[in-house]
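Sharing a structure, written as structure tokens. Questions coming.
The first chain written gets the first letter, and so on, giving A, B, C, D, E, F, G, H, I, J, K and L; residue counts start at 1 in each chain.
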Amino acid sequence: MTNPITSTLDAGQQKIAGDALQGTVVDLIDLSLIAKQAHWNVIGKNFRSVHLALDELVTAARDFTDEAAERATAIGVSPDGRSETVSATAGTKGFGTGWTKDDEVTAAVVDNLAAVVDRLRGRIADTEAADPVTQDLLIAITARLEQLHWMWQAQV
Amino acid sequence: MTNPITSTLDAGQQKIAGDALQGTVVDLIDLSLIAKQAHWNVIGKNFRSVHLALDELVTAARDFTDEAAERATAIGVSPDGRSETVSATAGTKGFGTGWTKDDEVTAAVVDNLAAVVDRLRGRIADTEAADPVTQDLLIAITARLEQLHWMWQAQV
Amino acid sequence: MTNPITSTLDAGQQKIAGDALQGTVVDLIDLSLIAKQAHWNVIGKNFRSVHLALDELVTAARDFTDEAAERATAIGVSPDGRSETVSATAGTKGFGTGWTKDDEVTAAVVDNLAAVVDRLRGRIADTEAADPVTQDLLIAITARLEQLHWMWQAQV
Amino acid sequence: MTNPITSTLDAGQQKIAGDALQGTVVDLIDLSLIAKQAHWNVIGKNFRSVHLALDELVTAARDFTDEAAERATAIGVSPDGRSETVSATAGTKGFGTGWTKDDEVTAAVVDNLAAVVDRLRGRIADTEAADPVTQDLLIAITARLEQLHWMWQAQV
Amino acid sequence: MTNPITSTLDAGQQKIAGDALQGTVVDLIDLSLIAKQAHWNVIGKNFRSVHLALDELVTAARDFTDEAAERATAIGVSPDGRSETVSATAGTKGFGTGWTKDDEVTAAVVDNLAAVVDRLRGRIADTEAADPVTQDLLIAITARLEQLHWMWQAQV
Amino acid sequence: MTNPITSTLDAGQQKIAGDALQGTVVDLIDLSLIAKQAHWNVIGKNFRSVHLALDELVTAARDFTDEAAERATAIGVSPDGRSETVSATAGTKGFGTGWTKDDEVTAAVVDNLAAVVDRLRGRIADTEAADPVTQDLLIAITARLEQLHWMWQAQV
Amino acid sequence: MTNPITSTLDAGQQKIAGDALQGTVVDLIDLSLIAKQAHWNVIGKNFRSVHLALDELVTAARDFTDEAAERATAIGVSPDGRSETVSATAGTKGFGTGWTKDDEVTAAVVDNLAAVVDRLRGRIADTEAADPVTQDLLIAITARLEQLHWMWQAQV
Amino acid sequence: MTNPITSTLDAGQQKIAGDALQGTVVDLIDLSLIAKQAHWNVIGKNFRSVHLALDELVTAARDFTDEAAERATAIGVSPDGRSETVSATAGTKGFGTGWTKDDEVTAAVVDNLAAVVDRLRGRIADTEAADPVTQDLLIAITARLEQLHWMWQAQV
Amino acid sequence: MTNPITSTLDAGQQKIAGDALQGTVVDLIDLSLIAKQAHWNVIGKNFRSVHLALDELVTAARDFTDEAAERATAIGVSPDGRSETVSATAGTKGFGTGWTKDDEVTAAVVDNLAAVVDRLRGRIADTEAADPVTQDLLIAITARLEQLHWMWQAQV
Amino acid sequence: MTNPITSTLDAGQQKIAGDALQGTVVDLIDLSLIAKQAHWNVIGKNFRSVHLALDELVTAARDFTDEAAERATAIGVSPDGRSETVSATAGTKGFGTGWTKDDEVTAAVVDNLAAVVDRLRGRIADTEAADPVTQDLLIAITARLEQLHWMWQAQV
Amino acid sequence: MTNPITSTLDAGQQKIAGDALQGTVVDLIDLSLIAKQAHWNVIGKNFRSVHLALDELVTAARDFTDEAAERATAIGVSPDGRSETVSATAGTKGFGTGWTKDDEVTAAVVDNLAAVVDRLRGRIADTEAADPVTQDLLIAITARLEQLHWMWQAQV
Amino acid sequence: MTNPITSTLDAGQQKIAGDALQGTVVDLIDLSLIAKQAHWNVIGKNFRSVHLALDELVTAARDFTDEAAERATAIGVSPDGRSETVSATAGTKGFGTGWTKDDEVTAAVVDNLAAVVDRLRGRIADTEAADPVTQDLLIAITARLEQLHWMWQAQV
């Protein structure tokens, strides 16, 4: 069918902003699943701190997923956040199976956050000309994830 | 390494309850991703009602995911809720791509809920002898999902 | 018309669970009306305590009415909580007219609670095999009403 | 026994105001039961909107029932809100059995609200001279029910 | 000085409404002081119920005092609620000194409420023609005080 | 089309009450816009007090606008609160352009409140026979606006 | 008088940013009045959803009106949001009179949102060099209105 | 009757502490009535600030009244806070009649606070040996009233 | 005296359920006292995490104590939770005196939780036939304590 | 080991304050257990009032236990609140077994409060010179317990 | 040691953004201390308004201090907000000693805000190319401080 | 100018209490800045616990700063909390620059708390005779800081 949601962007702008948002949606969903996986499987002396901090990361990832996906819809682009799409296209670093020591968890979270932030930095540059409204959201997401990156790295 | 979390269940009971919970975790994560996908892509006259109702489903699926995964840890079984595991093993019916009409969304939600409830019913039977504590959680999840199943089916 | 709400129960299970729930709905509605009637008509030195305690009973009865009725819908059974059905089929002990002394109110509440609990105990046994999800709700209702029964009887 | 609650009204005023309030109590209880019945049994595309709106009606009916009944007690008149009294004397239009389509539900709610409002209008006139305090409550109830009547009729 | 606050009422209306409000202010302040006095000095088996119920009465009396005084200001009449004015002009029945048995407290509260309500009934009649806005407030105060009168009398 | 919303009032009553409410809606919308205009443009030593007090006036005007408009709908009269209708028919005194000294703001607010109250007093008289429910709302609006009138005038 | 509020912007920047903000204030006030008008006059099967969604739009429009107007004051520009200015200069599409069917309401809201967003897009470009602080606010307003535009268009 | 409330203090200590508390109760009640009187009758440019600040004083005076009176009961002394006792024995400076300019109000509040604080300082000294628990409450009351004294004096 | 609280259970069922509940009450009280003792005496690098986690354990133990004791009363059995009964009959592992290192605290908490859970598992089996309502409560307590057991063991 | 927590007090002061606090901790824990025991076992006409008032006593006792124990730690003294220490050293009057009439409960609570307050009075004197910070806490505890003592005694 | 916190910025970008943030941290801390100093020392007729408005300024300054400092850490730059650094390097205008008249306070606040905003404007320009995420935060801080600047200047 | 705020203390008492409070204000401000500095710069495995605990310390220091400064104003002494005064006169131990390991942070916090408490102990002694109201505040501050001192020392 023809696109039921019109956009204030032209086709080229819409393509750039839409790609940036779709990539962000997928990265953030996977980040939230990785953080939950770590939340359940962490062991070690710092279990409680890490367990709680992971839920803050889950909340951030989930909230920004929703904002990014709804920004896509607002410019007439249908987002795709299904598990098969996430597992096939996310730019995260993944997470191992089974019980995991707290310092291994911390290292894995730092790596995953760094990977997601790195891709967001590129998208901020990509969308500057195409859509400053989308760029503004990507800046906000990056600001929060870089803050979390510091907090996790400070524990290493 | 040897299992760092001991269990009050014997190995056979632990296996039965652990399998039931791992299957539930995966089904519920996928259900939450499907509901979010629908939440973003629904169009049609009932957009607002369906959009809002889908977030109630997301909340239920997420909360029960956490309870099921943490019940698994409580009996010494490491849960796996990573995107690749979810996309490979979930017993849901999936969801299509792109903008979707509200009545198609409703039908898809009813189908997915029915599939998840059907598997939960089997697990309630399986765990009765092995672990009444796990069974009690599965009953609670089923009660809520059957309620949601009615509410979605009532809209068909 | 054919039943618009499907059920995970077979016809026999559905009949047993549905009857148990319909009876519970009717008993609880009447219990809530009796408690309100007493709430307005009580007089005596303990007026304030009894007046307030009756509203706690009203709240419990109303909340469980809704849960029981929506459990019926969840298994595909249409509940009936209309005044004519309540007055014709409720298994309560009723309540007299006009201003009523506080100790008479207490005695009447204890009798009504005992009658409703007695019927619930039978339904817990009836639904054990047919539907453990429905049974779990009936257990929860009974637990609360037996607690209230103790609190009212302690005042005799 | 002699009436334990004295009144600032004379016997004639008390009779007029008491009758108006007793009729209102009975109508509102039945309205709340009808709204709950519809809340559980509604089906159709607008299920969610209607289901939620019915609980707002239940809340309004229950709150005003309490105010009307306690206004009766305040003027020394014992109210009667038992199920047998409600089913025998309420001036509502009733509600059918079984699953009900959303537009039939809407029509039935409009009819019931119109019937209750009509009787309230008469009681506002009746109580003007007898007790302006009672009249003021009846005006407040009417204002809210006429608002709900508009909202339901707007959906037809 | 000339009155700094103008009024939508003419001088005659202002006098009637102002007198009604000034009398109400004084009665309600004294009622609040009597209720606090009783709150501190009550003894007896029903101490706790009476002690708590008296604070509800204090709250009602204080809130309505403020509304009545600010209604006076709104029509350009300066209210007087100073202790010497209250002790000299209040139409209450007073309260004795020292520790007081709970049933004596209850009787005194009923008497004081009856006296204040009786005067309010007269003011409702007085202000009907002069100022329906003031009358509406007096009706609201009377409605609440008559409700409290019933609740206290029900304990006798 | 024929009026989709029926009324308990006859045509004459409906006309009187509808006119009173439509006039009130327009006056209150303009009052809220004037108060916001003043909220932004006030300067002077009392800036903060006046700035904050104006938002209380905005809130009151907006809430009563909604109540008056929905009372119109409840009696089957479509309200009109569009900017062109407001600027053409409101009975307010208006407000100048640009930065305004705090005492000029206070004077302008007092004048506007006086004008709106004056019209409301007339409508209270007009609707007494036609519809006591509408009259009761107009009394409530007047009570609050006369209170605000006093508070603003007290600052002159 | 000389401008009492100084600005960190030079005269040219102030003119550009001030014009952008004044236009935004006027558009948003009219949008809020249109949304309220629709809120009261909508009829049809989706009455409740549309009625509620319109109040979310009102809230957004009112909040952003205040932010835009206070941003104007912050750069030393007196905003003008009076009804006559709004009706004369707003760039909205307006709204018809009388009861309006829900799908006509939806179409009108989509049109008005599109018109306001279109003008905001121009102002984002205009203010980029003149004042990035003002631009940032316009981006935030646009982000929210484009989200609402999607939600309303999804219902068409 | 013999004192129904026993005390951990001997008769001399009880007399000293009881007198200090009775005096405090009476002073604080009168302070609260004076503050309310001023709250209603203040006029002038600072109306709003003074009007609001007076209610903070009322709240402080009322809360400490209750604490002082209940401290008296806790040591077996019946407090007396009736209007006739207050008007006869309070050590406050009183307040005039009618509308009062804001700076006169401020001066009167400062004087009344100074008078009450002065008496409290004496009671702190008096109770040091007799009952440190009572003294601790008087210190807390003084701390708050001296803070309020500063705030009011800062406005002179 | 004869038992003032009647039971829906027969004597044998009452004995089984009552014994299970009395044992649970005692175990949980001691668990709460042990957790508080550890809360105050823990030292070491993880002080803060352990200190906070212990209060979550205290809260759980206290809430379930109340539920278990009130379930006993609901079946007509008087519970005994006095310190001498607790110290004489609790099935916990105890806790040492003086300042305690965080890892020793963790080990002691794991041991005490394991001991209490082990006894609860036996009581779940014991009460299945005697009273499913009591069994349901014991399952809920076990579910929470096994979750806490995992969390504490994960820190070892 | 050497004491890991240093103190601003010298050894003699620390001994005096530490003994006072340890005694207070033990008394308050036992008071909380006695109050809970009574909360569950009370019967009689005043059941509800007594049942609720006992939980207020439990809350007070628990909160002050924590404050006293953490004051001990703050001065470098390890507190001991284990059940065996409580049952061996508490200075309370104890409580009997089984269901207990409400007036017997009241008498027992008054006796226990009197005993605990009596010991606290001695500790206030003991700690005055040694540590005014500790004394200040003991004064606060005494103030609240003497208030509760009055409230319970007022019911005798 | 080598920097433990890595950055997504290169060294030059990090230097520019880090300097901008460090300067902002120091300015905002001093602004918060100046505002508190004024909060305590203000006297004059507008004491209350100024006293309250200063705490809003304190809150804004404190919240943005934290955001700026944590943005510095997020890009791997250690912030320095110690009193000696603040007093040596802040770009504020300072505040005098002793009691200060309200209009002098207002003037001093306006001057300090203007100085801080002026430096922020420079930093917005400096960081545009280096780090848009940092720039976005500086824009948000400037927006709020320019709003406060208007509010304070409006009082002059 | 002559002191605009009068005092209930004589000049000697005022000097003693004023000096004690001024010293406390300065110490607490510096303590809050040190704690924030540590909050931003801490690194190490316990980052999260230490980071969070430092904000609790900041909150305590800020709240008590305000209470101490406003106690100074209440006795007619102008407090000085400007950055230059703080850096010149605070009796704290300071804090180093740059990223700091968690155990170094803990040690520094313990040292700073000990230094501040030591000075407070002296001021408690100094103010006993001069002003018991000021002393009572210093006791409250000391009680909280000694509690925090224990909590931080327990982590060493």
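Definition applied: contacts are C-beta pairs under 8 Å (C-beta built on N, C-alpha and C of every residue); 3 or more make two chains touch, one makes a residue touch a chain.
Since the model is a prediction, treat every value here as computed from it, not as a measurement.
How many hops, at fewest, get you from chain G to chain K via touching chains?
Contact-graph shortest path, chain G to chain K, evaluates to 1.
What are the mutual neighbours of chain E and chain J in this structure?
Joint contacts, listed by label: C, H.
Identify which chain pair among I-L, B-I or E-J reproduces the interface of G-K, meaning that over half of its contact pairs, matched by residue number, are the same.
Selected from I-L, B-I or E-J as the counterpart of G-K: B-I.
Approximately how many whole Å separate the CA-defined centres of chain E and chain G?
49
Take the average of all CA coordinates in chain D, do the same for chain E, and state the distance between these two points in whole angstrom.
Each chain reduced to its C-alpha mean, chain D and chain E end up 31 Å apart.
For chain B and chain G, what's the span in angstrom between their mean Cα positions?
Each chain's C-alpha centroid was found; their separation is 42 Å.
Two or more other chains in contact with one residue: find those residues in chain E.
In chain E, the residues touching two or more other chains are 4-5, 43, 46, 49, 70, 73, 136, 154.
What's the complete list of touching chain pairs for this entry?
A-B, A-G, A-I, A-K, A-L, B-C, B-D, B-G, B-I, C-D, C-E, C-I, C-J, D-E, D-F, D-G, E-F, E-H, E-J, F-G, F-H, F-K, G-K, H-J, H-K, H-L, I-J, I-L, J-L, K-L
Would you pull the chain B residues touching chain I in the complex into a rising list?
Residues 4-6, 8, 70-71, 73-76, 132-133, 136-137 of chain B touch chain I in their complex.
Where on chain K does chain G make contact in their complex?
114, 117-118, 121, 124, 128, 135-136, 139-140, 142-143, 146-147, 149-150, 153-154, 156
Help me check something: in the complex, which residues belonging to chain H touch chain K?
Interface residues on the chain H side: 46, 49-50, 52-53, 103, 151, 154-155.
Can you list the residues on chain I that touch chain J in the complex?
Touch list, chain I to chain J: 1, 3-5, 29-30, 33-34, 36-37, 40-41, 43, 65-66, 69-70, 72-73, 78-84, 86-88, 90, 94-95, 97-99.
Inside the complex, what are the residues of chain C that reach chain E?
Spelled out, the residues of chain C in touch with chain E are 42-49, 51.
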